[in-house]
Amino acid sequence: MKNCKWYIEQTSEDEVVLHSLKEIIYTEKSPYQRIEIIHSGNLGRCLLLDGKMQSSEVDEFIYHEALVHPVMLLSESINKVLIAGGGEGATLREVLKYPVSEVVMVELDETVIKVAKQYLPEWNSGAFDDPRVKIVIDDARSYIEKTKKYFDVIIIDLPEPAEGGPAYLLYTKEFYERVKEALTDKGMMVTQSASASVNNLRVFVSVVSTLKQVFPYVKPYITYVPSFFAPWGFVLVSKKNDPDEYVNKIKDKLYYVGESLKFYDMDAHISMFSLPKHIKKAFEKGGRVIRDDSPLSFY
Amino acid sequence: MKNCKWYIEQTSEDEVVLHSLKEIIYTEKSPYQRIEIIHSGNLGRCLLLDGKMQSSEVDEFIYHEALVHPVMLLSESINKVLIAGGGEGATLREVLKYPVSEVVMVELDETVIKVAKQYLPEWNSGAFDDPRVKIVIDDARSYIEKTKKYFDVIIIDLPEPAEGGPAYLLYTKEFYERVKEALTDKGMMVTQSASASVNNLRVFVSVVSTLKQVFPYVKPYITYVPSFFAPWGFVLVSKKNDPDEYVNKIKDKLYYVGESLKFYDMDAHISMFSLPKHIKKAFEKGGRVIRDDSPLSFY
Amino acid sequence: MKNCKWYIEQTSEDEVVLHSLKEIIYTEKSPYQRIEIIHSGNLGRCLLLDGKMQSSEVDEFIYHEALVHPVMLLSESINKVLIAGGGEGATLREVLKYPVSEVVMVELDETVIKVAKQYLPEWNSGAFDDPRVKIVIDDARSYIEKTKKYFDVIIIDLPEPAEGGPAYLLYTKEFYERVKEALTDKGMMVTQSASASVNNLRVFVSVVSTLKQVFPYVKPYITYVPSFFAPWGFVLVSKKNDPDEYVNKIKDKLYYVGESLKFYDMDAHISMFSLPKHIKKAFEKGGRVIRDDSPLSFY
Amino acid sequence: MKNCKWYIEQTSEDEVVLHSLKEIIYTEKSPYQRIEIIHSGNLGRCLLLDGKMQSSEVDEFIYHEALVHPVMLLSESINKVLIAGGGEGATLREVLKYPVSEVVMVELDETVIKVAKQYLPEWNSGAFDDPRVKIVIDDARSYIEKTKKYFDVIIIDLPEPAEGGPAYLLYTKEFYERVKEALTDKGMMVTQSASASVNNLRVFVSVVSTLKQVFPYVKPYITYVPSFFAPWGFVLVSKKNDPDEYVNKIKDKLYYVGESLKFYDMDAHISMFSLPKHIKKAFEKGGRVIRDDSPLSFY
């Protein structure tokens, strides 16, 4: 081992990953979590929350473009957008590439935004200062339950649904029902939804099964995110329009934002939504519906 | 850490991966390498060569189906097939699903085949006993240089092209020129070609650039292989036919073999060959041509 | 890393140790704990309980000779001996080198003895078959509370006093008071008592402080045990005789058993009982008295 | 694992140690080596050279007092002292507690001294500014070969004798012969000499065997150094006086320096020089004599 300093993450009971650690740029304990910015040899600058990798300089464009662009391009209307989580500001950065009139971003931990502004400027590129943006410091579940606004697009950019974790109530049937109410008639939602690795599909499948109880159109998709050390699952859902019928319109819309993108294009879209056989089978078989009173427990 | 026994692999200078280790099933030092069969908590039974993960029970179907089926389905003729490497027998198993008349498999290390027969029966499922199969114990480079046979399909299933490693002369321009000669007029070749991770594309790009010097049609593709902890690159090349013109014929041919497949189907094919923007850009930019006298050096 | 298989033990919140793992010889879950026998590259055969190193082929002689011989040589009478724990049989093996008339060994987990007989024969060398030995399968605390026997020497060979662990009630003031009653008039007891490392003295100091509440003579001593990755603490206590006055008699007694010993001799005795300044200071300062209702909590 | 940042040291082919890493205080590549100051959870501030632990805040007093005081207290004259290595300044700090007239310290890497002054002030406590001190930036071997000075005490405080390492020529018979010439008639030398762990005694034994070829009195001794994760060997040699005959004079001399010591006292001295049976046996058996043209190779 040429390197002697390492960042170690136990990604499951049976798997541990080490990244060489070049620099500890920042470390702080907010009221909610330990926030750390490190520089790693293979991933560059990284944001860690409670020791868990959130996003890295080298590949954050993959995760954030994969999360944001399908829903923004497939949705008929994108006037009002809600982002739950996304404290780094990169989801916001991608959304603001479109002619939206308002983006509400609900983040629980104000310190994450402060740290991101100072240490992750490429992640947000001034997005927090855009006049279309409203930052709300609140629990996303609580905000969505109270709000009287309606959104064309809702983007869920939160940690995984670990029971007892800060986000486990943002992956339940009850939450999704409330999301549905907060969407406009033809509104769409997208959520990240954990690993899509062949030996770790349980959470992804359960999120899809849960969403199918609430939305008529549920489209899971996948891309590989190196800093998560796994192919990653996302789910796009629609209240009324069938997203498949809007795929042929992507090309035209891409004309306006495509230049600035590094990962997403028509091929990437097709690749992400074309699921291999074993994953389609897993969805057919289905998983447990996640409810407020029976959340997922996992590592 | 609930587990106390681990298999540790340093996958790059800046990255180390631990898999929980449940059982050491077999360990032997052949004249060429240390061969080990372990049982890991997340990957099941695994084959290690010199401490490096080769394939695992949980996901070998992904790697082997991704390697074999595109070339077998896109090639006009599949009468005679050559496999370089592939000691586990799983590449052979997939090839034998087609009505081929002869498969020559050239493996350097006889012990790997012996161990695979005994400890990895699901990998080969009796493939070594099929009367269409000829096993040759030899260096694949040396075999291809000497053989007077012609093959419709050549499949390169060898370790990565590390300089000084056993396989580095099987990724050079000189080798590919000889492969071209050993192919029939409309022959095709496919090779695995290392990581396709955004921060580790150098080898994949160089293999593609090298193949472009030799073949008129070069089609890189990608899928995620959990036991390699990375999206994995493959390259399919053709001497005469444009593979893209044969994609629409896959569906019919799949009718005959599709039932037995777990990963590969039309969607998986499309997903693998639809490359995201940053990878296409990397190929446009190109890499260094690999030659016998200037091999790739890497971790 | 030339080795790819490792045994990993987290020895404290801030410290983890890896030993290369050559072979998993045995693994079983008894009603009390996971019992494992492994072969490690630097320590040879090792016994692990719930993933924690108990003793190793390479250095078990150090631990067991250090535990047994001081008390056996300093005690005026050694007729009846009680061993609490010590399932491997090595403490028993050392005790049986003396002309004792009866040794009662109280071990909670019968399976440990069974496994030790089969896989650690050098540890017990037939000791379990000696006619002077009585094995009792019971909790040591419970046995000592019930027994009507009196012992000249009591040897506590149990895991560390972690709260909630199987042995935490065998390091309390209440337990030591009962031990005192079970000793003959001039009886002595010895107990292993955790790390004596400069940055991890808390448990050792507390055990000494607790014993001082019960016994007039309390003699802590130290030796280094490689498989525990730390200098290790022991405490010898006496009900009536001052052990220091018996040191000069060791030489003669050693004449009879010394030949068979590999670690312990007069020099080793002196070395172990001559404590460096910072450890004496720590004992002067003292620690918290451990009671049944306020046990030590620690990693 | 509550901690996610770790310092990892491979201490042998079969052993790896992790210390939690709280802060990277300093890192620089000098012409000779990578110099790093980190803060670890269990050892406090640590100095690393090329990734190897040199000394830590928590236990440097043990190593440095064990190295310096025996030779200073057993030597008849301590007027002129030479320190080879010891860049942190802690060996110097201990030597300066005595009424010496001159201390020459020969350190290869000026940067280590600079870094120690700034980041390890407790290690040197102003020692570098003492008017009795002469710092020479040179290879210690080269200095001792050239010097025309004579020293009463020579202290070798250098890295282990790894072949190819910076210090391997400072543990050979040829070097020790030159040291002997540089000593005054009744001069004494002490050297650190690697692990004294039961499964890793080879280097220590070879150093002792080599010294026995050159000096009439060779006294190995041992103490445990937590940051080296092993009991550590030292060897004190004398040109004319038998050190054993001077032990009884230590007490009086200690009267003057003892107050400031944290580890060393009469008991510590006795403990260190009283070797257990298996180590005495290893010395009787002896090891290979280390010569310039046949240095020790090891991990």
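By written order: A, B, C and D. Residues from 1 in each chain.
Operating definition for what follows: a contact is a pair of C-beta atoms (placed from the backbone, for glycine too) under 8 Å apart; a residue touches a chain by one contact, two chains touch by 3 or more.
Worth saying up front: this structure is predicted, and the values here are computed from it rather than measured.
K.L.:
So which chains count as neighbours of both chain C and chain D?
P.N.:
Chains touching both chain C and chain D: none.
K.L.:
Starting at chain A, figure out the least number of steps needed to reach chain C through touching chains.
P.N.:
2
K.L.:
What whole-Å value do you get for the distance between chain B and chain D if each is reduced to the mean of its CA atoms?
P.N.:
Computed value for the inter-centroid distance: 53 Å.
K.L.:
Report the inter-chain centroid distance for chain B and chain C in whole angstrom, where each centroid is the mean of the CA atoms.
P.N.:
Comparing mean C-alpha positions, chain C is 55 Å from chain B.
K.L.:
For chain A and chain B, what's the span in angstrom between their mean Cα positions?
P.N.:
That pair's centroid distance is 33 Å.
K.L.:
Going by the contact rule already set, what residues in chain D reach two or more other chains?
P.N.:
1-3, 6, 10
K.L.:
In their shared complex, at which residues does chain D touch chain C?
P.N.:
Touch list, chain D to chain C: 1-3, 6, 10, 12-20, 40-43, 58-59, 61-62, 197-200, 223-224, 226, 229-231, 261-265, 267-268, 270-272, 274-278, 280.
K.L.:
For chain D, which residues are in contact with chain A within the complex?
P.N.:
Touching chain A: residues 1-10, 21, 23-24, 36, 38, 48, 51 of chain D.
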